[in-house]
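Think of it as A, B, C and D in the order they're written, each chain with its own count starting at 1.
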Amino acid sequence: MTRNTGYVWHERYAWHDTGTFAGIVPPGPMVQPFHNFESPESKARFNSLVEVSGLIERLTPLRPRPATEEDVLRVHTARHLEHIRSQSEQSVGDAGDGWSPFGRGGYGIALLAAGGTISATDAVLTGRVDNAYALVRPPGHHAERDLGMGYCLFANIPIAVEWARAHHGVERIAVVDYDVHHGNGTQRIYEDDQNVLAVSLHQDSLFPQDTGRVEEIGRGEAAGTTINLPLPAGSGNGAYLAAFERVVEPALRGFRPELIMVASGFDAAAVDPLGGMTVTASAYRAMATTLVELADELSGGRIVFSHEGGYSAVYVPYCGLAVLEAMSGHETGVPDPYAFSFENSPAHPLKSWQDEVISHAEVLARQLGLVV
Amino acid sequence: MTRNTGYVWHERYAWHDTGTFAGIVPPGPMVQPFHNFESPESKARFNSLVEVSGLIERLTPLRPRPATEEDVLRVHTARHLEHIRSQSEQSVGDAGDGWSPFGRGGYGIALLAAGGTISATDAVLTGRVDNAYALVRPPGHHAERDLGMGYCLFANIPIAVEWARAHHGVERIAVVDYDVHHGNGTQRIYEDDQNVLAVSLHQDSLFPQDTGRVEEIGRGEAAGTTINLPLPAGSGNGAYLAAFERVVEPALRGFRPELIMVASGFDAAAVDPLGGMTVTASAYRAMATTLVELADELSGGRIVFSHEGGYSAVYVPYCGLAVLEAMSGHETGVPDPYAFSFENSPAHPLKSWQDEVISHAEVLARQLGLVV
Amino acid sequence: MTRNTGYVWHERYAWHDTGTFAGIVPPGPMVQPFHNFESPESKARFNSLVEVSGLIERLTPLRPRPATEEDVLRVHTARHLEHIRSQSEQSVGDAGDGWSPFGRGGYGIALLAAGGTISATDAVLTGRVDNAYALVRPPGHHAERDLGMGYCLFANIPIAVEWARAHHGVERIAVVDYDVHHGNGTQRIYEDDQNVLAVSLHQDSLFPQDTGRVEEIGRGEAAGTTINLPLPAGSGNGAYLAAFERVVEPALRGFRPELIMVASGFDAAAVDPLGGMTVTASAYRAMATTLVELADELSGGRIVFSHEGGYSAVYVPYCGLAVLEAMSGHETGVPDPYAFSFENSPAHPLKSWQDEVISHAEVLARQLGLVV
Amino acid sequence: MTRNTGYVWHERYAWHDTGTFAGIVPPGPMVQPFHNFESPESKARFNSLVEVSGLIERLTPLRPRPATEEDVLRVHTARHLEHIRSQSEQSVGDAGDGWSPFGRGGYGIALLAAGGTISATDAVLTGRVDNAYALVRPPGHHAERDLGMGYCLFANIPIAVEWARAHHGVERIAVVDYDVHHGNGTQRIYEDDQNVLAVSLHQDSLFPQDTGRVEEIGRGEAAGTTINLPLPAGSGNGAYLAAFERVVEPALRGFRPELIMVASGFDAAAVDPLGGMTVTASAYRAMATTLVELADELSGGRIVFSHEGGYSAVYVPYCGLAVLEAMSGHETGVPDPYAFSFENSPAHPLKSWQDEVISHAEVLARQLGLVV
């Protein structure tokens, strides 16, 4: 079965300038300048493979439009908006935490990233496409209402969620985040909102180091609508697929969203420098397939992926291609050239210590069906 | 206590040309060209930090000399030597497995890498220095007698070991390999030699995928002189330090080497793209300290480190600096700028599933004392 | 006045792999590996600026199709076609002269470059667009019937010319080549063909060093239909604009082509590493304007630009944008950020020694009107 | 005849961070980030070739020490010193003109560049070496007393000159500047000082655009001790060698310096992106030979080269090697791999329009002998 899949990319995303950081730390007297891990490479090469593989011809390109101030202010404080705008007038600005540099004009690119997620969401909600992938940059899932952090300037997905609520009357939305880092921004923004389910699979305490515990479940009436799955370093396909089967599926079925948003980071992949997991393209394909099928079952097929992290310039393209193939139902026939090595890892079968974390979250997921 | 530490580096090591591979796979119609993971960056920047930090002024620079054919042929077949030499006359050669490309003149660089390890060993054995670090490239620990593989052209450490035996009458040598990949070359070369102890800590089945099992213990009279410690993906400082305490220490004490060689790869480090471990500079410092102290206790202080893998351009320098500080006893005062993030990982405390592997190897290590 | 301008670009063009050459020479024992001057940067960034500036929305994107063997064989020998195809199966092939490396699959990319020029030509000849720019890679103007050279695998423009003749009954075609190197391939291919006018402006004896003299004017009945304008190093806008006015214009008017093809290289630009000229974006704009107006006057507006050289990653985008603006009549309002420096050079006013060369070619150009 | 040549290089020079400029302009909404032309590549690769070629073993490595505040203040205003220091505490500072960015800690690197030139000068004046080359970065010849510009933070050569005067009682010093840009800083600093001769060969009005005219000859009693030779774009070996023979030689002979300083920029070389000249390694060798012989004749052999510009990562190393071979009298036997192409250019023979400029400066040079 093939689907009409919308696809957002804009060359401006590759112009977001993260300077000469040595990976994650700023250069200085005892730190030789280099490239930031968050660079254009992995995203630009993902887009390039989409084009060279020919898949682009099976997708519906969507032109992103910049988010408006009004769009941003549905989620962020005026103070934060103004902070990003003013930092963007300097040769090097920072989103707020000192580790999230951006260049002159970065404000405009961040608006286009949030806006690209809106464009994808709009195309899905209006039925122009069946589902959509917004390959945007900078990412968004760490940004909180009043603070940018972790390379994120604006909360791309929440901005699109609030736009959908404002313009399409959608109310209940589920956000599934498989980026290797905790989706702290999404969680914080919606911790009091029982109509948004936030499920985050991530490496335990990787970043931010103090959020993403299983115990964080939302507050007040929204208790139960936050689910964290902090997997231990070294987790592979088995853990992720088990987590999807035992946590993501029952949670979404219990929650019954009208729209599913996916924070699609590929930094849990093998050879990602920042993540310590070993997930492969085949597992990303399987996760995307599950999500698309859940959307069919629960939300009229309406699902939007917004790109988050993923720092392997060479492997992200194949993980991303697998997701797009799963979303669209079109097969390019391009093999994962790393499969011969990455798929055979003994890290893939589910381990007991991973099972434990999943079991804990599974309880929360099943309660959700009862509670909500 | 400070020591006179020899240090080998040559700019020619940075000229070893691994082409436009996309990390580990060759470019092609559906693979966009990029950089090989095995590039000059991590090593050249390690050397640069040694100089900028000022540590270089506390070390004794050793000029590497190329290994001779005779040196190489003590370990490799004439066929392999000739293979590398002839491949080196092409614009792109390969060491043997199809994943180990090198450029015109790579033969000469490989001789200088093996020779640099000899130079370091010679300086230690003649007493010119107390110990030595050979920052060489290409690496060596995957190279077998008749085959180059895994970026390795020649077996740098075995070539130095055989040189030491031929020129200095040293007989019993221990090789400790903390590179994240299995030291299959060293193991194979010495699997029948009871006078070489080969201990390899590595990520289980990462590369090569079919060697490095605990069960591989050496053959015939040499049974017991190979020890493999295949740690699961996700292992951190706790596992490595426990492995050193419970396996490396007793094994070396049981074996009583006249010389210790260290296959010093930093690809078990956090943010290494190829490795899935989370080891930090502080643990590399601790491991080096242990090894240097074991050398004091067992081999008259004689210990030589030869650089192997390590693919994080930004973090390898700090891991390497920690090792050199531990070897020399000189502190630069340069902090690990990544410590704030990497040291706090919940991946560090020893886990039960890591403990199991260590316990298995521990038995072998303790037997060694009885047997040998 | 605005025009409907077709625009060819494909991500695959950026995948053409020219290896680790040190600019123009292969790496080796005394040559440190680096990047080839002929790299994806300048072309990919040109395309990126076309998109980010918004000009793309005023252009008509044309999808390139690969040239067929039949298309290629109208120009090249079967031997050359086979040479490129077989070299393309190696990890590093060469087009023929030893200085034109390409990676596995380069044959397919070269077909797409020739085919992209065909696609642009087809769109113009069928009236789908008014004119067209084919931003292709690898370039083509050095390739001869039986030999690739100077980074060129196939003769993109001649292949499109012969395709136009075969499919659209076009006979008389003018090729204007402002790449800084001599268009030797085009010249050789058409030296006996009085229905193709080949005009090449280039730096005297830059490459190839032994062709491009004023005396080379075509052979036999085709004498007079080759015009070479070998400008001295250091020439700037004044020389190029005078050459256009006094040579290109009268030559085209004398020849009365049915179609104009432009070999559009930007390596005569200021800060180009390979060229020694100082041409700026404003002069490229003026040259393109002249060519488009000549097309209006002479060939029913039918003009096709095919991208050749240009090795400044930072300046080519602005030169190219100026050409596209001139072709389409759409102004982006994006200023040339280098103009403050490059436009003010005393190298721009026409010098007497440049005038001399132009005068020589001018005679040939004016004779053309009488002869043809 | 061989000489004992001192050689200054420090890895810290490669850490000078010039950010993500697109060559010479800062990135912004319509300027895609890239690398600054002024990057570590050309200098680091020059040093690498010095080592790989084996020449390093014939040179005397000199350790640079940072210039002190006192050293700097002999030339610069306290205001400028403080400006650089405070800018250096920001993540991106600028030397003064908006086009000269540097990173945190750049102040320390600039002190080491000035200090490296002092170290070289000291080694020559104390007789520790016969002559010396300071391969420093950032460059210095554009820096004026109260202003950094053109990538230059401090005036490296004037700081060394004043240090020599203060510590060694040297009075009369000649500065020969063959960098392709005008040595405006040196000129301005010494325009009133009749004991410093400043000779600058450069591309006419390249940078700064408003200085470097033949008419600028020094002021007051110092009139005649500034000689500018603004060669037209496109000049090659012939022009440079004629200028040396007809201007530099007589000027130095007329001036009779006690010490010769050379502002050694290689941006007049073929394939330099910023310069529009076509000088080759053989001409740099010849110029250096002339200078060393003039030093023998005039200043007891005392001559110090301080590195300035030169932006071709691939060709600067061979130009620099040629200079070092000329200085030391040691031949490495490493051929210029670009000679086959660059040496044959018709741009090399002296042209009449170049001759004119030289003749003008020649008059000044000959007058110097009479006046001084």
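Keep in mind that, in the parts below, a contact is a pair of C-beta atoms (placed from the backbone, for glycine too) under 8 Å apart; a residue touches a chain by one contact, two chains touch by 3 or more.
These numbers come from a predicted model, not from an experiment.
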| item | value |
| --- | --- |
| More contacts between chains, A-D or C-D | C-D |
| Chain whose Cα centroid lies at the greatest distance from that of subunit D | A |
| Distance from subunit D to subunit B - Cα centre to Cα centre, in angstrom | 43 |
| Computed distance of Cα centres, subunit D from subunit C, in Å | 37 |
| Euclidean distance of C-alpha centroids - subunit A vs subunit D, Å | 51 |
| Contacts with two or more other chains, residues of subunit A listed in rising order | 14-15, 28, 32, 48, 52 |
| In the complex, subunit C residues that touch subunit A | 10-12, 14-15, 47-48, 51-52 |
| Interface residues, subunit B side, partner subunit A - complex | 22-25, 28, 30-32, 34, 37, 45, 48-49, 52-53, 204-207, 209, 232-236, 270-274, 276-278, 312-315, 317, 334-335, 337-338, 341, 344-347, 351-353 |
| Parts of subunit C lying in touch with subunit B, wherever the complex brings them together | 14-15, 17, 19-20, 26-29, 32-33, 91-92, 101, 103-105, 108 |
